[in-house]
Amino acid sequence: MWNKNIETYFGLPFDFAEAQIVVFGAPFDGTTSFRPGTRFAGATMRKESYGLENYSPYQDRDLSDCPFFDAGELDLPFGSPSRVLSLIEEQTEAILDARKLPLMVGGEHLVTLGAVRAVHRRYPDLAIVHFDAHADLREEYLGERLSHASVLRRCHDLVGDGKIHQFGIRSGDREEFLWAPGHVSMHRFSFDGLFETLAALGDTPVYFTLDLDVLDPSVFPGTGTPEAGGVTFMELLTAVLAVCKNHVVGCDLNELSPHYDQSGASTAVALKVLREMLIALSR
Amino acid sequence: MWNKNIETYFGLPFDFAEAQIVVFGAPFDGTTSFRPGTRFAGATMRKESYGLENYSPYQDRDLSDCPFFDAGELDLPFGSPSRVLSLIEEQTEAILDARKLPLMVGGEHLVTLGAVRAVHRRYPDLAIVHFDAHADLREEYLGERLSHASVLRRCHDLVGDGKIHQFGIRSGDREEFLWAPGHVSMHRFSFDGLFETLAALGDTPVYFTLDLDVLDPSVFPGTGTPEAGGVTFMELLTAVLAVCKNHVVGCDLNELSPHYDQSGASTAVALKVLREMLIALSR
Amino acid sequence: MWNKNIETYFGLPFDFAEAQIVVFGAPFDGTTSFRPGTRFAGATMRKESYGLENYSPYQDRDLSDCPFFDAGELDLPFGSPSRVLSLIEEQTEAILDARKLPLMVGGEHLVTLGAVRAVHRRYPDLAIVHFDAHADLREEYLGERLSHASVLRRCHDLVGDGKIHQFGIRSGDREEFLWAPGHVSMHRFSFDGLFETLAALGDTPVYFTLDLDVLDPSVFPGTGTPEAGGVTFMELLTAVLAVCKNHVVGCDLNELSPHYDQSGASTAVALKVLREMLIALSR
Amino acid sequence: MWNKNIETYFGLPFDFAEAQIVVFGAPFDGTTSFRPGTRFAGATMRKESYGLENYSPYQDRDLSDCPFFDAGELDLPFGSPSRVLSLIEEQTEAILDARKLPLMVGGEHLVTLGAVRAVHRRYPDLAIVHFDAHADLREEYLGERLSHASVLRRCHDLVGDGKIHQFGIRSGDREEFLWAPGHVSMHRFSFDGLFETLAALGDTPVYFTLDLDVLDPSVFPGTGTPEAGGVTFMELLTAVLAVCKNHVVGCDLNELSPHYDQSGASTAVALKVLREMLIALSR
Amino acid sequence: MWNKNIETYFGLPFDFAEAQIVVFGAPFDGTTSFRPGTRFAGATMRKESYGLENYSPYQDRDLSDCPFFDAGELDLPFGSPSRVLSLIEEQTEAILDARKLPLMVGGEHLVTLGAVRAVHRRYPDLAIVHFDAHADLREEYLGERLSHASVLRRCHDLVGDGKIHQFGIRSGDREEFLWAPGHVSMHRFSFDGLFETLAALGDTPVYFTLDLDVLDPSVFPGTGTPEAGGVTFMELLTAVLAVCKNHVVGCDLNELSPHYDQSGASTAVALKVLREMLIALSR
Amino acid sequence: MWNKNIETYFGLPFDFAEAQIVVFGAPFDGTTSFRPGTRFAGATMRKESYGLENYSPYQDRDLSDCPFFDAGELDLPFGSPSRVLSLIEEQTEAILDARKLPLMVGGEHLVTLGAVRAVHRRYPDLAIVHFDAHADLREEYLGERLSHASVLRRCHDLVGDGKIHQFGIRSGDREEFLWAPGHVSMHRFSFDGLFETLAALGDTPVYFTLDLDVLDPSVFPGTGTPEAGGVTFMELLTAVLAVCKNHVVGCDLNELSPHYDQSGASTAVALKVLREMLIALSR
């Protein structure tokens, strides 16, 4: 009766041992230049997750049959992005060591770099599938090489040409759009070409990074840099379920900023995507 | 000059005698488990209704030609759902006794049960057309049988198998989805099948209950449990106008929660639906 | 490393065995007639408590030296106040059985009745010290005897005349103010008379119920029924510390409504009061 | 049973004939240069007034014994301040013709001019008692002579030197402060001198205009131009009750702007002042 | 180093001489009957414009190659719509005199009339392309002929029959819809017929006025009168780019109301439309 | 007529040459651990400053007679506190080189360190007067030595024992309160002792750093870490004017967080303090 107060996503009480997936939060927004606040995403999502059903009518499966472990939020310092990335890398490595799938909830998009470092070390032929409104391919941003706006460029430093597949991109500076061809496979505005890409990837290990601002701001206003002209929820859901059928070895979703989500609808969208990913990635 | 301060929907001054329809509010959200606030829907809608035009370009008719009476908000106690339902039942019965059509504005969805009880007594072969994101078919919820999450199940207790026709459903627990076949006619995700259903209903008396969260949260964020993947406004409008051509003998719309509607756009949507229903249901 | 995600007030990890005080949440606002939302108080306070220092310069003591146990939020049904009160009574009784001090965080003020029932059974000569803007002495409210507006009247049913000492009262209907003399000791507007009352109580066991709206709304706007003309924070702090020197055998604080606390300042006030109470009540 | 939906302040159903006071709203903010929104004050106050008690522990009287009539909100055009003032003047005159006391709820402060015109015609020796943070004595503002910032100057055009008594003033341009001596009696920062002023006024008919931003913004943040360093609620209440003992022949309160009152505490303050004024002005 | 603090749209430092387009703000909402606030649109957009990229992937051009001059916000009085329109007319005329293209950012829609007056004087055969949810064709509104609700009717007074082409209209009173045929070319609900209209216009000089509430409120909730059933962002973008290929000699966008845009997504949409217009109108 | 859009505090157009004081913004909140947002303070204050009068009735002087130069907001990178501090140090040094007084508007409190470094180099016997709710004396915070929570400790590293005079302190961890005696002069809770301190300082050059959260949250809710029990506005104003009579050679005010200031009252308070400082520091 007198257990300490435990709070887990969707109120589900799985133990570490039985879990296939480990969810953890990376509450960092220290390089966010415009409007901070993604640091609050994980805690807000966990608290609101009690309001969502566990059953998915889309997949006709129940989350209570899909054991995952909620490791809570990492304790990250502000003021030092490189230390933050190291802490994320360590956490991801520990999850991989336990032969489980890491699913990180950001935070700003830079956090992806920490996870990709750990995953890439284990899977040197790693491909990255990237859903986003923004290309995030800058060489540097405001003088910093470790920035949310350059995170995929830093990932490219690791994985090299032809390994990054972007979808939904509709914003960036001119240099990013000029640099992309030959280095990354950028699909603008929509998910056109996704199924062909996934088929071509075959058994290649995939890191899947989902910046939720790929959604149209009508569906997902609660983010730091809303960018009109995005995809609908059903388009995203279809695309996410497709990716999860490939050989996903690490993944994240990021860029929910609860301050800009007065209605709570963006948080609810993020949670629904998380639920569908957890179910789809459980075998 | 010195009349008391009268406030009616759309500022329209119809008398009871001339009205075909009676609108009343049921400001109750006492079983709302997640985020309360629908109790404020009716008063907020009435206040904001002065900002909406009376003319409908969709039906090319003007609300000022469609006499309805605004009976204001019921005075409902909190803490006793069964007393609340009795008061709604009485009000509905009085409207039916006056040979007028009751149109209730919730409040949480549980209020529908009170109105259905009165309407069903008068129309024993009553069918129910139900638009919603949620199935609301639980046998009980948190130990209570009278709950927003079980309201259609309670209606089923009254009307029996094959009488309830659900559209747009995309959320519920597994048991609800398993129970539905054989008991209710559940159409998931969209209005597919609506026209066939309406044609088959023919002259059967219909109670029409519209949970506005059937809309996508991009269109209608101002609700307690936003559920992504819903219908568009034009899809809803088309469906509502179709239902109103059948033999509707009672109806409601519910689940607007003004606290989560910072922009007022959800309230405006609810009012536009109300206007179109009032026009469509006037003969 | 792979412990489940534990969240406790102020992030303090005390075990049940070592604790002198047990804090628990009663997230209920089902009889709130005006503006609901106190159900969110406990979860919001716990989440925000990480931003407050553990050290009190007022008492020159640190909360980390004052072992308390955080039992989380009770799981309360909506729609049935009497069941809610029974669950609170059970929880309070279990804490008393373990020879610890119950400190409940509401929720609306009605929750106090559940705790007082349990405490009064153990301490039949119980006195109640009550800080509030509202008298809460109605015989019934909107036809209900179990209501936030009648909670102290229900407590009076238990403890009898001369046992309830109210301070800061500045709102109520005429009947409450007429009834009070001879039944309760009502001190209007301020804490005048508190020190004399506490001295007179001597070793009498005291239940201390603190409705935070006794504070002026400038200090504590985040509540359902803000009532101008209240006390300052320093007046309240002085009064709270004085009460805590008496023989307190149960206590609560209630009526924070986070929805109306856009700045977070009301939540911070509630947490600071909680910290000071926890320190002052630790021996 | 089928009366139209009537909404009156505090839900009190007095008839015009029995009323001593007539309350009406002047929802105009058309010259507000900084942050508009006071047009919403009256409707918001009326709606929220159901949450306030009718009994005043300060005066030990109940509003239900103080018959007043709520004439609702005037229907005012935007874009033409002079037409707005004429409509207010007419309404005030009609109330005076019926031998009742006009109590207007603004709106921006300019609305006072319309009421003062009517009252001054009937009481040529009218004095004005003015509580405000701002002097409102500009000859013109942004090229307009009819402006919230020049309303007391326009009143001075009517009543002449030595008739206007200002209290709490702590903002204005240099010219206003230079002009005041010899023309109006300006008391800066506080109510110092109020009792002497009221005594000296004796039986002189008084128009009492209360700009609620005389309160400190901690107490009353919900206004277009918050000005730190104001009075407390108890200081204001004491001053208001004192003025109401004089020969008040017309009055208003104004400048609540609900958009800037997220917590509702400012609206509650305005209502409490209104209740106390209604009781104090009832004989 | 010690230049004064300059703030321009998108932070771009073009000089007047090199500019082809001059952007200026018309921060007026003085006839807004329902919910004011569009006066804040220009200042808010300018401040937030630093968060948007200069590069358009839709047109594959960069705003930094499209010299425009930001003339800031006009200093407009409140309380006198006719003076406001004169000031806008003067500003527009000065821009035309300098042989540059005026692009005005409202404000409420009435501001369009000032600009159209100046443009029409120079181009007597002017046609107007009008995107809006509302017809704005009233002869008068609340007794005023100069109103946001009658602005296109006033434009019609200038340009005459057959010159105004409306798209997306879905709201108005019955009289507007009855009056339109024979006077203006009204396309309801969508952009159907736009390409034919633009082709037929050929080299005719066009004033393009874009009321952003033509967008569906899901995309653009931040406006005073949200009207469900509007166009998507991509539909609008396509239509805007099409219009900009015609002979546009003056233009505006209006009716953003930042108060109702808690997430900032509406402001971001307005800025994206502005960016695309600036690029498309640069030759 | 065609000057670029200039925005300066209070709309005052002073040139650099004539200015005695240079105001600049330091929009950085990169080490804020709890609730970020102070980066928006300067831009928000500048925009809202148009709503405040230039005349001070407290000092009977007008800001238009007190030439200051507004250098706008520094362009600061996120993710590197040490680079941020260097940029602030350079700016401060340039102002001192021009023989003007630097007045910085934060941002989080860490920015003070950059300014103090520059000022201390020029005035080696510098004393610091510090108003704050928080001691900010930690040796490090979350592993970082450059943090808002350790900024006065870093200043102590520069100026040494006995040079820092703190007032209003009511929060910190135990170690800070234990360390303070012998190193800094800490005055808890209030301004008691301020006049003696200022007298004792005599002609000593003073850096004055004002964390606005020294105010009670009722007066100043718009800050990241509201701490109940603070000073009133009039107490602060009196204290600020007293300090400004000493030999102030550099100063700042900081920690306004506009996101938590829904009413705008906190921004208005910050601006009023800024106005009074600018006037008081002008000779």
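Note that the chains are named A, B, C, D, E and F in the order they appear, and that numbering of residues resets to 1 at the start of each chain.
We adopt the following convention: contacts are C-beta pairs under 8 Å (C-beta built on N, C-alpha and C of every residue); 3 or more make two chains touch, one makes a residue touch a chain.
All values derive from a computational prediction rather than experimental measurement.
S.K.: Starting at subunit C, how many touch steps does it take at minimum to reach subunit E?
M.R.: Each step joins two touching chains, and the minimum needed here is 2.
S.K.: By how many degrees does subunit C turn when fitted onto subunit D using C-alpha atoms, rounded in steps of 5?
M.R.: 120
S.K.: Farthest from subunit D by Cα centre, which chain is it? Let me know.
M.R.: So the chain farthest away from subunit D turns out to be A.
S.K.: Count the C-beta contact pairs for A-C and for A-E, then tell me which is higher.
M.R.: Contact tally favours A-E.
S.K.: Comparing centres built from CA atoms, which chain ends up most distant from subunit F?
M.R.: B
S.K.: Could you state the distance in Å from the CA-based centre of subunit A to that of subunit F?
M.R.: Roughly 39 Å, centre to centre.
S.K.: Let me have the rounded angstrom distance from the C-alpha centre of subunit B over to the C-alpha centre of subunit F, please.
M.R.: 55
S.K.: What residues in subunit D touch two or more of the other chains?
M.R.: In subunit D, the residues touching two or more other chains are 216, 218, 262.
S.K.: Please list, in label order, each pair of chains that touches.
M.R.: A-B, A-C, A-E, A-F, B-C, B-D, B-E, C-D, C-F, D-E, D-F, E-F
S.K.: Write out the stretch or stretches of subunit F touching subunit C in their complex.
M.R.: My answer: residues 34-35, 169-174, 177, 188-189, 216-219, 221-222, 225-229, 260-262, 266.
S.K.: Residue numbers of subunit E touching subunit A in their complex, please.
M.R.: Contacts found on subunit E: 50-51, 53-55, 57, 60, 62, 216, 218-219, 233-234, 237, 262-265, 268-269, 272.
S.K.: Tell me, which parts of subunit A touch subunit C in their complex?
M.R.: Answer in residue numbers: 1-2, 4-8, 13, 16, 43, 46-47, 69-73, 94, 98.
S.K.: Spell out the residues on subunit F that touch subunit A in their complex, using ranges where they run on.
M.R.: 29-33, 36-37, 39, 75, 77-81, 83, 142-144, 146-147, 259
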